[in-house]
Each structure stands twice: as C-alpha cells, then as structure tokens.
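Note that chain A is present in both complexes that follow, paired respectively with chain B and with chain C.
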Partner chain A sequence: MTDLIPMGALGTPDPARASHGALTLTENTALMLISVATRPGTPAPHPLGLHLPGPGLWSQGQGAAAFWTGPGQWMIETDVPDHAERLRDAIRSAPGARLTDQSDGWVCVEVTSDAGPAPIRALLERLVNLSPDQVAPGHATRTLLHHLGCIVIRRAEDHLAVLAPRSAAGSLWHLLRETASRQVPAATA
Partner chain B sequence: MSRLDLPQSRDALIDRNRPLSFTFDGRPYTGFAGDTLASALMANGVQLVGRSFKYHRPRGIFSAGSEEPNALVTLRSGARAEPNTRATMVELFEGLEASSQNHLGGVRHDLMAVNDLAAPFLSAGFYYKTFMWPRAFWEKLYEPAIRRAAGLGKLSMEADPDSYDRGYLHPDLLVIGAGAAGLMAALTAARAGAEVVLADEDARMGGRLLAEGGLLDGAPATDWVAQVLAELAALPNVRLMPRTTVFGVYDHGIYGAVERVSDHLATPGEQVRQTLWRITAKRAIMATGATERHIPFADNDRPGVLLSGSLRAYANRWGVTPQARATDPVLIFTNNDDGHRTAQSLLARGVSLAGVVDSRSGARSLGDYTTHAGAVVTGTKGRHGLRRVQIRTADGSDSWISCGVLGVAGGWNPNVQLASHHRGRPVWDGERLTFLPGPDGPAGLIPAGAACGHGSTIAALADGRRAAQTALTQLDRTAAAPALPQAEEEPSAITALWHVPGQRRAWVDLQNDVTVKDIKLSHQENMRSVEHMKRWTTLGMATDQGKTSNVTALAVMAELTGNGIARTGTTIFRPPYTPVALSVLGGGDTGANFRPRRLTPTHHWAEANGATFVEVGQWMRAQWYAQPGETHWRQSVDREARAVRAAVGLCDVTTLGKIDVQGPDAGTFLDRIYANTISTLKPGRVRYGLMLREDGFLYDDGTCACLGDGHYVVTTTTGNAGLVFQRMEFARQCLWPELDVTLISTTDAWAQIAVAGPKSRALLERVVDGFDLSNDVFPFMACAELTVCGGLPARLFRISFSGEVAYELAVPARYGHALMERLMERGADLGVTPYGTEALAVLRIEKGHAAGAELNGQTTAAMLGLGRMVSAKKDAIGAVMSRREGLADDSRRLVGLQPVDPGQKLPAGAHLFAEGAAQALATDEGWITSACYSPHVESYIALGFLEKGDQRLGEVIRCANPLEGQDISARVVPAHFVDPEGGRLRD
Partner chain C sequence: MLIPHPLLGLRDAQEFTYLGDAALLNRPDPAAGEAGFADYVYLRDNPAGVHRELWFHEQGDRSWLVVTRNTLTHEILGAELARDVKLGGTA
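Then we have the complex of A and B:
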C-alpha cells in the first residue's frame, strides 16, 4: 500500500461539499470508473451480472452501475474497491472485451435534493440543453455544459451526477455552485 | 399633466397607492407602480425626452412599446448605466435614474441642433459623398467628427457588475406574445395537456387587450385576461414568461429568448439581471401582434406627435395623455377607422378633443367630435413640443388648429419579423394594405392573430385558437375548442395614404432621421433595390430596426418606381427582434470562468512553489518557478535549464494527450494513422511517430508506447490532443470500421511527470519498487508498467525531449501532487529542480527537437529531416499526398542558427535571406521557427527552415524582421546545439 496521499480533483484531500438551498453538491472521490469496450458485433457482456444498458441509459446493479458511452462501449461505476477488482477480472475474461481504468480521468459531483425532484429539474434546465426525457431517472447523456464536455447521469428523481474531465474539476465546481446558488433566490422569491 | 380617471377594473394596471420617485435629467418626478418610464414622464407633462440622431431635433415619446424610435434614454448611472434604453419598455421602480441622450448642453438647448441648419448637406448617403476628399482626412478628421456628432448613448466603460444566466426549455408549444391570440392559443393547448411556454416582452400579459377599452363577455377585457392567466398559472404544464422577448428563430425549432429577470428592480440583489433562454419547441405560435404605422407629413417629428394606437394605450392602460399642459386638446390624423377608436377612447376618458383629420373623403365621426373628412395634416409648430397643427381640408384651404398632441393612425403592420428569420418573404395583401407572413417561414412556426392580419379582437381570439389546434394536430394531439368570449365588432376600413406630399421635410424613420426627401434622393441616385435604398439612407437600422418606418418607406419607394409595393418587396429581417445585451449572450461567464480551465495534477503544488502560469489551449501550465532573488524570468529559466543538464529536473507533462489504443487490429490501425510503422513495435518499447494531414503536411508528433500485445498508448502534443483523438475516432468509425480497435482518451487519468537530467536515474531508483532501471534492462525508448512508492501502480517511459537521460513517470492523477512532493524530497541532495514550459522549450531547441512552431501546418517530414520516416512500405493518412509535386520537392530544411555577434537576439518569425540579397518575397529563403537564449551555448540560438539548409552549414545569412527594422547576421549550424551524437540520452 503506497504511503502517498491522494488528492481530490479540486485540490483538497477531503471531498469538496457545498449546499445551496435544497441542493447539496458533493465531490464523489470514492467512485471508480472502468470503461468497457467490446468487439463490434458481439453481444454486451454482463460482468458479475451487471446489465450494460442501451444508448442514453444508466442502469444500477449490485454494488455497481453502468452507462452507455458509445456503440459497444460502456462505463462501469463502483465505489467498492474489491468489487472493482472482481469486475475487472470478469471483463478481462469476457471474449473480445477490453477495459481501461478511468477512475482518475473524471471528476464526479453528486447533486442531491432534499426537497424532491423540483430543484434538480430547475438546475438541469439551467445546465444542459436536454429535454426532460433525456435527463429522466435512469438516463445518462454526454453533453456540453458551459462549453465543458460532461456526462450527466440522473441517478434518481432527486439525485443527479455530473462527470467532467478531472482537470476541469475547478470549472465544473464553479459552474455547478454558481448555477445552484442562483436557484435559491428564485425558489424563495 | 394629471392622471385620467379610469374605470375601477383598469385601476389594477397602475397602483395609485404605490407612488414611486424617479429622476429624469436630474429632476425629481413621481409615478406609480405599473407605470413605464414613458407613461410616468407623460403623467408629469414631460414631452421632450431626447434629440434625434442626425439633426438633433427635439423628440418625444412616439409609441407605447418595443417599436419606440425616439424615447431612448440612458438608464441608471455608474457601472450599471445602460444607454439606448426605450423609455416605453422600462418599468418604473423607486429611485430610477434616467437621462436623455444625444445632446451637447441640456436637452432643451442642444448646441448640436445647429446640424438641423446644415440639413441640405446631411441628406441620404451624405457621408459617402461629402467626405471623399482628401482621402487621408477620413480616418483622422471626418470619421471622429461624425462619430462625435451622431450616435446614440454612451457606454459607461466600466465592467458590468451584474450576473447573467442561461437556460434551456423543451416545450411542445411555444406561444410568442400574450395578447388576445396568444392567450387563446395557450389556453387551447394547455387544456389539451401540452407542455406550453407563453412568453411576452411586456411585464404584464394581455397585449392590446390592456390598451383597448372594449369589453369581453360584457366585462372589461382585463377581467378576461386575469381569468385566463389565473387558469394558466395554476396548470403544471404551463410556464408563463413575462418580461421575455423571443428575439430570434434558429435552426431545428430553437428560439432565442431573453428574460429580463431583474431589470425592473433598482439592483438585481441576489438575482441575475437577465437570462438567455434557448427554447427548443416542437411547434411555436407567432402571436406577436402588429405595430401601427404613421403617415409622414411636414415636421411630423415634433414632441407631442405620436401613434394613435399608443395614445389610446396610454389613456386606457396608464391613464395618461402626453400633453405638456393638461388642458391642451388632442387631434387625431388618420386614414382608417382605427384613428376614430382613439377619439372614442379619449372622449370616454374625458380628454379634450380637437377633432379627427381623416384623409378619406366621406369619413364620419363615430362619436361627439369634429371630423375633417378628406383633410390631411401639412405642418406643425412648437419649439420643444407641439402647439399647432396645419391642415389642408378637402376644399384645398389651409388652417391651423391649436393642440398639444397629435395621434397619427396610418394602419397596422403585422409583426412578421420572426417569420422572416429564415429568409421567409412577407407577402403583400393589397386589400388590408399590410405585409403578411409568407408561406416560406420557419418550419413549425404558425402565425396567429394580428401578426397575420387578424387584428380585431374577435378575429385574434378565434385565430389563436385555430393556430393552437393546428399545432396540436401536427403533434398528434386532439384539442377541444374552448369557447371564445364575446367581443364587440371593431371597424377597420382603410384607404391608402402613405405620406402627405409637400416641400418640407417629412420624417419616415424618426430614429435615423430619414425623410421622404431622402428616399426620393436615393431613388434619383439610382438606388433602385430596396436593400440599396436602406444602406444609402440608413433607414430601418439601429435599435428599432425600422419597426415604425420600414413599410412606409417601401410604399414611398414603390410610388417613385411605379412598381407597386408587392414588387418592391421588403428588406431581410434578421435576429434579434429587439436589441439584446452582449452580457446576456455571453451567458454570464466572465474573467477566469470565461471558458473551462484545465489544471494539472501538480497545479496547486506549483502555485505554492512560485510558478508563473501560461495558458496552453485550455490548460494552465507552469511557465517557470521564480526563486527568491530572481528578478527577471530569464534568471529562473536559465537556472532551470542548467539544472536539467547538470543534475535532474521535474516537469509536469500531464497535458500531453494520451490515447489508450486496444484491440487485435491496434497495430494495423496505428500503421495507417502514423506515417511510420508502429505494428513492429514490441511490448515494452516506445517509438517516436509522425502523423500527417490528408494533404501530406505534418500534423502531429509524439511517442507511441506498446504496453502489451494489442495495447498501445499514443501520446500527442498538448494543443492537438483533442483533435488527434477526434481524427482517430473518425478513422475508426468511418474509414476503417472493419478494424477491431478501441480508443479511449486517458489524458486526465494519469499524472505524468518528466524526470530529466543525468541524475534522473538516481532519483527514480529511490521511488520505484525494486524495478531495475539499469541501461541494459531499461534502455532508451523502453517502457514498463510497474509500482512506485510502495505499491502505487505506475507507468514509466524512458523518453527524452531535453536530450538528457530522461523518463516520464505516470501515476493515477490523484497521486500526482504527492508524487511531485516525494520526488522533490527524495531528490533534494541530487539538486532536483522543478522546471516550467520555458525551460522545456530552451532544452528542446538546444536539442533541435520539433514542437508546435515547427509543425505549423506548412511543413513536411522532409523539411524536418525526417522524410524517411514516411514509410514507403505501407499506406497511411497523408503518405501519398506527401509525395506530390510541390510538396515532395520542398527543399527547405531545419537548421540551427547562431548570431554572428553573440550579444544579438534572434527574433522568432524573422525571415531568412542570403547575405547581400535583396530582401523581398522572391528572395525569401525561409524563416525562424523558434528562438531562445541558450545558457548552454551562452548566446541566443534559433531553429528555422532554410532553403537547402542541410547543405549550407557554416554559411552566414541574414535574419530580417522588417516590421521592427531588425536585420541580423547569423551562422547556419546543425540543429543540435548539445550532444549532437545523442550519447547522453542513451547513457
């Protein structure tokens, strides 16, 4: 085990966190990401029974979740280190499947609401040019957010996750906080 | 001027219990909540609100809406000062400050009014004609003088203190305009369950229903408006957006809209000032209403002359009329029945009426007032405001009528602008004397109500319902038809009168001071196309875009050409419909957040260690690390470069693109991407590769490492990382989909640190976990996956940009900061030194390695001396084209250059000429690509491309930079200033 101390994408050892009205933003530093690709024409694998969904979708399984990133390509998410290892082994053993560890390639900010879906919907309306259908629970879409290429995952009615390139974590955090904070006066007005 | 009495139902439109104080040109006034600045000024008897654009003529409020050409004021002060704000669109708030524009001295005694005397010299196209000679005077004298004299308001030149937002909506139906047609359309669609957005530029929804005195279902129309809005507001599928102007129609059903979130407040407080909405609507209904036109006659621009329908709106909605003195009577000039409706409304409000001048012979009064049938207005008097109006009656006699206000009714022009944004051409309706939206408007945009000629209340309500039903049917929805409220008949007969002929100036475009004479002159000067007339006269330009003048001008032009209005046609309408602030178009991201910034994993470490940063693409990279006592960047850079050559240096190179290439066909794929062969690369080895563009020029360079069978890591330059990845994905998906290969960008996933210098191996030995770094086991161009610092997975590449023994060590990005600290700590006794991009550049120039300046899109592999890297044994992108005539025979070659006088600086970008040759394009022999001070050579050095440079070593040439008068002698030397044999990096 290395004695080097990892640092969050925002430059702090502890996950960044902020609250604005009903919305709470938390940097998810525990998230591990593994991208999976298959040979064209081969069926989608089911590593450890995890369902790899179709275009625009996100699916949750036991200890892991997955979203579609391209034809024959998915990203698998887990925050259980042992599970990540077992998933890697399972992918390696699937015929024609290949994996790339992307855990450090992305920053993930979880946005949760303690007042139901409305604050999340209002936030999404200010963030991405996607219709409510495309950001409904169970959907994941790669899109532009203030000129930043991101992946937007609606984990639940009251829960959104935004993934951006790790190097742009500061910009992502700024724009999410700024946009979330602007919802507060509007909601109280 | 005191307020008029309004029926109780209308009192809600202005709140007499909420007085608001404001100032205009520094003088205090009072208005009420619900007032616009324009209505509040009228209530205070202020008629003169500004000076005209060119002639500096006194001007007053002309309309009651966004079409206003005259009443442009500067709102607020200091950094929030906003010029050219239409007083008719400004909601009054407590403490509002407004000032008039475009005058020298006070607005009542504008010194620039002398321009009006020079009017004969300021006619159409005057600046094209008058200021031709002498040529040199244009830039230095004429233009600055004209700009000072003309123009509208002034910018504060301070930074905007407010924030702006953007947002996206995706309704089934966007209804633009909340008048009779828009409300009925929204109601129909909302009851059918469609997602509806209803946007209106006004703060209060209702459109002309707020301005007319008529009844709906026997009750004031405002009651019906309130009921409908209450129902809509209660529905979850409806979003009401007042203060929101839909300013443009874009592709794929996207509408641009600006919501003025807090413009109506003194300061935005916690809120944003405005929001830019992109509304992607399945269908849209254009219920944008109509704008009244006026009838040009002599001196028709005097304060007190305004549109008749606006006069009616001021009386009915705000309880005001625009006389300077309350007792002054009002006169109406009309060519249609609508002028008489204004007379009726004013009588009902108890306003003193001087009568109606109706150009139609046989016109009759619709109430207890005098009508001058068959008469026209031929002149006005009054210095700062209207005092008298001259009319010519049907029998040809002239007389003067005393009055304080003249309402002019020339008919209504449907607001077709949005329907024309995709170059849709409006169609002339000779019967209604209006342009209607053409059949070739934007797909999915359905005009309704007055915007397509159904301007009476009854017709507008029915047409709004019809439009919504059409939209819903197209969306496969069924809609019940809500009952229409009962409305009164509104007479609308009209007889064409486009202007009153005369010798004096009659204004067509009030904002740009364009008169009937100007249009005639433009015609005389052969401006026969309406587009030419517009440019020659400047008609229809600036903030109002000719909303009150365009059609009238076309009609005048049609009269001159004899072509008729239909054949004359209109100019093109383009977004925005009304002015949009640049701040809101920017979406609120300014300063450091203007665009995304990418930070390296060691950014915070570098910041704490004195780094100066430089933008490289979106990345912020450490440029150098200043140490205490260093006062000039060169001191830092020289020290860093020396440390790398003497000991060991550390540089964050995370920014280089890293593309993970996997699959059984990865080698074949890379052979086609790179000009040289990659498939023969063995696991554990790295190769330098060149990529070409399709046209054969150099595209990008970098290393390719083979980590295992069918697994490679492609490294790109920082600036091209995204482009190379995109290009490779294109090739994978579109050119060779049959190849089984996967590409994943992992640039951000790995923190990569260059460890360079003769002591780099010694340093790395202190962090690797038992990995043999000896030259035999891990030679130059080797790579491996290993662990460092007690089990941290890492990748190590033995590659060198500096020419020294060097490695690049990659660890998961979250450990980059800690690794940097660890290497600094473990290397302290070895003299470890962090270095930035400047020292990196010095080191690579000394070594003759190419970078972005050498790969600038105009250079070839052969020019770099790497022609043989373009393999002839296989095909690759650009390989065939690189052998074409004109490219293959380019004989410029990369050389090193050293100044003959070691004290002289070689400028990058200088062009190279033979000694004694004339310095011209024909004798140009190349250029300097990169230059720096070399602490190793102890003089400036440079790289450059020189004609047959490889055969001219030792020759002295000239480096010329004519822009700055530089002409320096330099000796041609090999491009390797250090270790030309390359022994060091293999040690």
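Then we have the complex of A and C:
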C-alpha cells in the first residue's frame, strides 16, 4: 500500500493556526459533517436525541451539534468518529430521512477570542452583511463572505466557526487573516 | 436592497439571484398546445409598478421566493416561499 500522509485543507500536516490580537484562528480538521434531509411533511428526526433546530439556528447536543441549512434540511457536526457512525445509523432508521456525508467537502476555521465577545463582533461587522441578532450565539446561517458562499456559526459569545467549500480553503484562510489583522489596533485599543 | 425572507428575516439582495415574473409558476397544461407554451415561454408583462417576481436565495438556504416589488420605487412589499404559493400553503 502507498503510504499517504494526512494533511489539512491548507496543505499543512497539523491544523493551521494563526493569532491576531485577541483573535485566534484554528483549522478544525476533526470535524465530520452529515447532511440530513427529510421529505416534505415529515417531522424533524431526533437522531440519538439530538435536536435539529429551526431556521437560522444552531444547537449543541451530547457529542454533536446541528444547524439548519434549508426547509427540511440540516447539517450535523461531530468530532467523534464512533458517534458519527451511530448518528448515521440513527438517521438511516428515521422515517423519511436521508443523509449524505459531507466531511470531505468543507473546511472549518474556528475563531476564538480571549478578550470576550467584542473582537468577534467587530470581525462579524467587517465580514458579513447580517444584523447582530442573525449572528447571535446559537445562530448559524449560510451567507456570503468576500463573494464566497460560507456557513457562519456563532458557537458562543467569544467563539465563531466559518465553514467554506474545501477547495476554497486558501481563500477563506486569507480573508479571515486579513480581516482579523486589520482590526488588531481597534480590538486592542 | 434587503429582501424579507419569510424564514430567515431581512437578507441582502446580493445573496439572491433573480429569475423574473412569478407567472412562470403557472406552467400550462401539456395539452395547451404550441400557442399556450409560446405565450408561457416568451411573453411577459412589464408593469411599471407592483410586480410579483421569482428570486432564488442562492447564497442562503436555496429556497425560491415570490417577492412582490414596486418596479418604480424598488420598495419590497412582501416575500413568500414559492413552494407555499404553488402548493397553496399546504407544504
């Protein structure tokens, strides 16, 4: 067998990482994504008790989280391989539900702040054309960042995650680093 | 321009693509014949004023909306899910 070297979406063997002022950007290479879709009229499934939230929302459960991507459609995130397998089985047995594995299709960058929510809010002001309540903690939405279709998840007051198509990993990393580095004076002032 | 998405609230028009007259939802019966389909495919009203249009939330949840817009003032008077319009709100 050929020896293959696992690497992140940015071509680095370890998850890419950068710090700008109070903000730290880290590539999340462990994240597995499962897309769930239901037929119209089918109630939302609860795989392993995970709540699938309503429009624009993100919800955290035991070992997994989920966000809404469209009518009757959600994305489930987990970083535990065994749990992903159990979730897939649970979705397969839910009536009217279909799943597709999307883990390899996306790159995820986690943005955390060690100075409270202000630097994250300032970053969002520069990045997305959405009102603060649409990117409040517990919200997730698909939108445009620098003309790139991304999913923006506000995991907590001081924690943001951005998902972009994996082939655009370099563009996402560039735009996040540029934007974070330009706000360093404002964030530290 | 902000479009009031019925599920996601006010969203930037940049996230949408525009298709045109919402009359496209009313596809004629296959038995309508060539004349009926020629009208459906080629003829559009071009009103100066209130117009119902199809917009696609391409960079969002990918739903089709029927947006009522005043073509003179660009005022948006409402937006509904095209699926609800087509299926009579039963979906």
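The rule is short, and it goes like this: the second predicted complex is superposed on the first by the 184 of 189 C-alpha atoms of A that agree within 3 Å, B and C clash if a C-alpha of one lies under 4 Å from a C-alpha of the other, contacts with A are read in each partner's own complex, and residues count from 1 in each chain.
Rule of thumb we're sticking to: a residue touches a chain if its C-beta (ideal position, glycine included) is under 8 Å from a C-beta of that chain, and two chains touch if they have at least 3 such contacts.
Keep in mind the model is a prediction, meaning the values are calculated, not measured.
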item: First, second, both or neither for A:D3, with chain B first and chain C second; value: first
item: Partner chain(s) touched by A:T141 [first = chain B, second = chain C, both, neither]; value: second
item: Partner chain(s) touched by A:P95 [first = chain B, second = chain C, both, neither]; value: neither
item: Touched partner set for A:P81, first chain B, second chain C, both or neither; value: neither
item: First, second, both or neither for A:S35, with chain B first and chain C second; value: first
item: Chain B versus chain C as contact partner of A:S131, first or second or both or neither; value: both
item: Chain B versus chain C as contact partner of A:G49, first or second or both or neither; value: neither
item: Contact residues common to both interfaces of chain A (with chain B and with chain C); value: 40, 73, 129-131
item: Contact footprint of chain C on chain A as seen in their complex; value: 40-41, 55-56, 68-71, 73, 129-131, 134, 141-144, 149
item: Residues of chain B that touch chain A when the two form their complex; value: 163, 165-170, 269-272, 278, 280, 587-589, 593, 595-601, 603-604, 618-619, 654, 660, 662-663, 737, 740, 742, 744-751, 787-792, 811-819, 822
item: Residue ranges of chain A touching chain B (in the complex, touch as defined); value: 1-9, 11, 29, 35, 37, 39-40, 73, 96, 98, 100-106, 125-126, 128-132, 146-148, 165-172, 174-175, 178-179, 182, 184-186, 189
item: Residues of chain C that touch chain A when the two form their complex; value: 7-12, 14-15, 59-63, 81, 83, 91
